[in-house]
Amino acid sequence: MSLTPEQLAEIEQLREQRSSTLRAVSEGMEGHLYTAYPVLDHGFVRVIDYMGDDAAICQAARVSYGKGTKSVQNDEGLIRYLMRHWHSTPFEMCEIKLHVKLPVFVARQWIRHRTANVNEYSARYSILDREFYIPAPEHVAAQSVVNNQGRGDILTGEEAARVLEILKADSARAYDNYENMISQDGQQGLARELARMNLPANIYTQWYWKVDLHNLLHFLRLRADAHAQYEIRVYAEEMCKIVADWVPFAYRAFEDYRMGGATLSSGALDCVRRMIKGEEVTQENSGMSAGEWREFQAVLNG
Amino acid sequence: MSLTPEQLAEIEQLREQRSSTLRAVSEGMEGHLYTAYPVLDHGFVRVIDYMGDDAAICQAARVSYGKGTKSVQNDEGLIRYLMRHWHSTPFEMCEIKLHVKLPVFVARQWIRHRTANVNEYSARYSILDREFYIPAPEHVAAQSVVNNQGRGDILTGEEAARVLEILKADSARAYDNYENMISQDGQQGLARELARMNLPANIYTQWYWKVDLHNLLHFLRLRADAHAQYEIRVYAEEMCKIVADWVPFAYRAFEDYRMGGATLSSGALDCVRRMIKGEEVTQENSGMSAGEWREFQAVLNG
Amino acid sequence: MSLTPEQLAEIEQLREQRSSTLRAVSEGMEGHLYTAYPVLDHGFVRVIDYMGDDAAICQAARVSYGKGTKSVQNDEGLIRYLMRHWHSTPFEMCEIKLHVKLPVFVARQWIRHRTANVNEYSARYSILDREFYIPAPEHVAAQSVVNNQGRGDILTGEEAARVLEILKADSARAYDNYENMISQDGQQGLARELARMNLPANIYTQWYWKVDLHNLLHFLRLRADAHAQYEIRVYAEEMCKIVADWVPFAYRAFEDYRMGGATLSSGALDCVRRMIKGEEVTQENSGMSAGEWREFQAVLNG
Amino acid sequence: MSLTPEQLAEIEQLREQRSSTLRAVSEGMEGHLYTAYPVLDHGFVRVIDYMGDDAAICQAARVSYGKGTKSVQNDEGLIRYLMRHWHSTPFEMCEIKLHVKLPVFVARQWIRHRTANVNEYSARYSILDREFYIPAPEHVAAQSVVNNQGRGDILTGEEAARVLEILKADSARAYDNYENMISQDGQQGLARELARMNLPANIYTQWYWKVDLHNLLHFLRLRADAHAQYEIRVYAEEMCKIVADWVPFAYRAFEDYRMGGATLSSGALDCVRRMIKGEEVTQENSGMSAGEWREFQAVLNG
């Protein structure tokens, strides 16, 4: 992470200004506010603001359920019930605003989650900083041979060194030329909106990203998953820790019913029933394709 | 408004619990939190939570504009610039959560604004209260004769009395029968999800409604407009007062550029140019239809 | 269903006008176009337009997967893979436009699905028809005693007769009074936007509803489910038949992975693993709440 | 544009397969289907599918307006009325699906319009082609001196030559190194999801983009505007031509009320009223800021 001393001082100052409010406060979240948690080599995630807590989820749900349920269910029980039954609207009643610094190729995956508000630092108006993501050696991996959507073994030796050398050299040259093109020293200087096109996808950008808890959990389920690309997964994992402190009941229910759960097809449920009865089920008599069977085995083996 | 003493006591209690927070606080908004502002005969609007203030709009905008603009524009100037140029994303960085009690026919208009989060009190699970909107005599109006989308003159005399009598009697009978059908006294009792179908559209419902400032202002522009139906307009007007205290700069810009402004067509702009040059422009030589000309005249006459 | 002879003739006429097009055509869907399929006592669903077919899902997915996958996967296999892995964007590339006539209390549930386009017949401008949903005797049910969100036994005898009598009489009286209030015969006539508030929630409304296939399937999963209220479920079931003819591969995958599948929590998966190993698992040693265990048993028992 | 002979043959083939349909057909649009219209040096826009026409807008609007309006308004009049009064839902009833090839930095602006469906060619799974946007000499412009969000004079002479040389050389080197890193010839080959980060923002990507007419017109208003960046504006302009042939009434209304119109603030309207009365209004007595006055003058001068 590369915050300047001025930026760190600004964050420090924000963390010292306490105000009085009548709103719901999550003590777990207050501990995180403004602090920049490092992700990758120059990125970070930091919470700028939040709305609501576990109780706010229940409060909203009880308007929709009315007097009938208030006495019988305690808050955690209600939250687990809502999560289990896909009642998403009460979770939409909490909101979070983050400031994220991230490589452009990660930002391009991230933005595909449309139900969120975004203000991105604009390279049309401003000059981007000289900051590029260069993977740590243990993350420089080969194309997967079993799955053409992922990575396989870690590269080693000369090949790994060559890759890192290329990424560093090309980033540096691209940025030098970006600076040269926009320079107004002895020349007119190319428009920023044009010069930015020379910059590679590992340059860092930053944005304010605001999202409700339901959509955030959906994002985390997909992006904290083992199949997500490593470079976005580390952001999701950092956010999981923050959410766990913000709304502990909701987060625990999310772990049980979403992250740790699995959706089985009608065919897979049928196999489960046969297996519980003691029947030997194989791919051949399962009715599943090879890929589906492999995924089913992975679920059964936990 | 018909809050029970218990409900009023709950609100009072919430207004006494101050907490400490590191978040941005809008002092104007803190004064409104939880208080139920009466609307129509039994409805209300009250703020449950909010996120952000005028400064938060600028903070988000400056991420997207970067270092370049920070020193030259003060906050109000920047907010006016953003509003004038339809830069909506920074306004999306503020959020508000309301608890609203409103007649069902108003709720049906309201819900058409899709970019919001809603938890409604469910008549499938719970029993609705005996509360119906009966218009005040000065709002019982005839069908408009110039515009088949609105109201004309106030009804008076016997006709007005008859209307009010019908609305009251039909509401009362419908509710009596609703209660009779669901009663489990000496009978099984009809399912609530079925019994509710007997209730007319002037019964009150309630919901939690959460929306960002950009979408809220869009809602207010349409619903606080003179052409909106009176029964939703009064909710919008009450919300305008709250927003004016929450984000005073943004609200003032909204008044100048949206509520008090007007969009002119290319033909209307052409007429304006001719009129400024001193030319006599009439509907005949304007190129506009009768309806369009009437609307244009209304704009010119303020 | 109560279409007038004129309306039926209009539909007939549309079904006779064939045009030539270069677009993708789903023969299964062409057979449904415009025809009004009856639902409940006066409602219907009919397809007004559609975009895309099974092949269009693959076509869009292959842009996002590129050359690499085109040869290895056949269309149905690809569609099943996409469904199983929650790749929703290719399904968003098909679109359907329906004309639906439905009771207002059903419309209010339906509209909570926000990701759709809607044009509703406006009772602010127009006069609603005298058409009310009166349940068939076999659907007049008591409040459930095990679940306060649903119905239990069918009402019989005098109680059932009384309910039907009330619903019919109150609807008729409300509509008579609605007509009286808006009548301009010997009086000014109340504005339509006010008079409509006297009408109960079982009156029929109608709308054009346009949605993409992904969001439609999400709607069908929730609303064709056994726990959905009967009066909306019958619309969903009618739409399922249409979708099965429109995009047969996608619909079959939807049945296998969504409608017939189930999501198990991490705790439930753990129990499944223990049961397959031959362990006796009971609610007591399952770690689940009573409600969760009951739902788990229902899944295992199919 | 750089379509391969095989791709051109595939398009040709699609343009020869006419089918019979009962759906609404726009003859103007049929003429465009599948054809790739060149934009920039390697990009294109082509229509893959569409739903609806001008009549479909009216048909949907008339459900929401009911019997009352059918006879009085002809189709074009109704469409103009809807556009003038911001009744957006009937325009949402038409849909278009496009295949677009565009540079990544254009795609990043484009994707900020969230109300659309997108399937992008994935550089995580597939190998991108060696195609980069290199501006034509007449579009290589300096940073604007009056507006730090745009371009000023065209660069000439040595500076222009240097810029073009840099863009070409850096693109070529980045792609060579991308190919080298993923090559499996004598080495393992870097994962595609990592190698792509070396590619600059002027590389071309492609996607399927599906949007309703209301949101498309909103996109066009912002992106076909003179203030939009040239490289996205040319896509918008190409799409304007297509829309003009698809829904001619709607497009003409859009030109009159949106593209050719202007929104005036309450202060600006006040100035207009004073000017029509013959008063001399200057920035000093206008109450406007310098920037606002300049924009106002631009509107008055057409």
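Think of it as A, B, C and D in the order they're written, each chain with its own count starting at 1.
Here, contacts are C-beta pairs under 8 Å (C-beta built on N, C-alpha and C of every residue); 3 or more make two chains touch, one makes a residue touch a chain.
Here the structure is a predicted model, which means the values were calculated and not measured.
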| query | Would the interface of chain A with chain C count as same or different, where same needs over half of all numbers used to appear in both copies? | reply | same
| query | In terms of C-beta pairs in contact, which of A-D and B-D ranks higher? | reply | A-D
| request: Provide the C-alpha centroid distance between chain A and chain B, rounded to the nearest whole angstrom. | output: 35
| query | Whole-Å distance, chain B centre to chain D centre, using C-alpha means? | reply | 33
| field | Euclidean distance of C-alpha centroids - chain A vs chain D, Å | value | 29
| said: Show the residues in chain C shared as contacts by 2 or more other chains, in ascending order. | reply: 68-69, 112, 118, 125, 148
| remark: Within their complex, chain A touches chain D through residues 103-105, 108, 111-112, 114-115, 118, 124-125, 133, 135, 139-144, 148-153, 155, 159, 162-163, 166-167, 170, 173-174, 177, 180-182, 184, 187-194, 196-202, 229
| note | Per the touch rule above, chain D residues touching chain C in the complex are 14-15, 17-25, 30, 33-34, 48-52, 56, 59-61, 63-69, 89-90, 92-93, 95, 97, 99, 117-122, 125-127, 206-208, 210, 212
| task | Spell out the residues on chain B that touch chain D in their complex, using ranges where they run on. | result | 68-69, 77, 80-81, 84, 86, 112, 148, 222, 255-257, 259-270, 272-273, 275-276, 278, 289, 291-292, 295, 299-300, 302
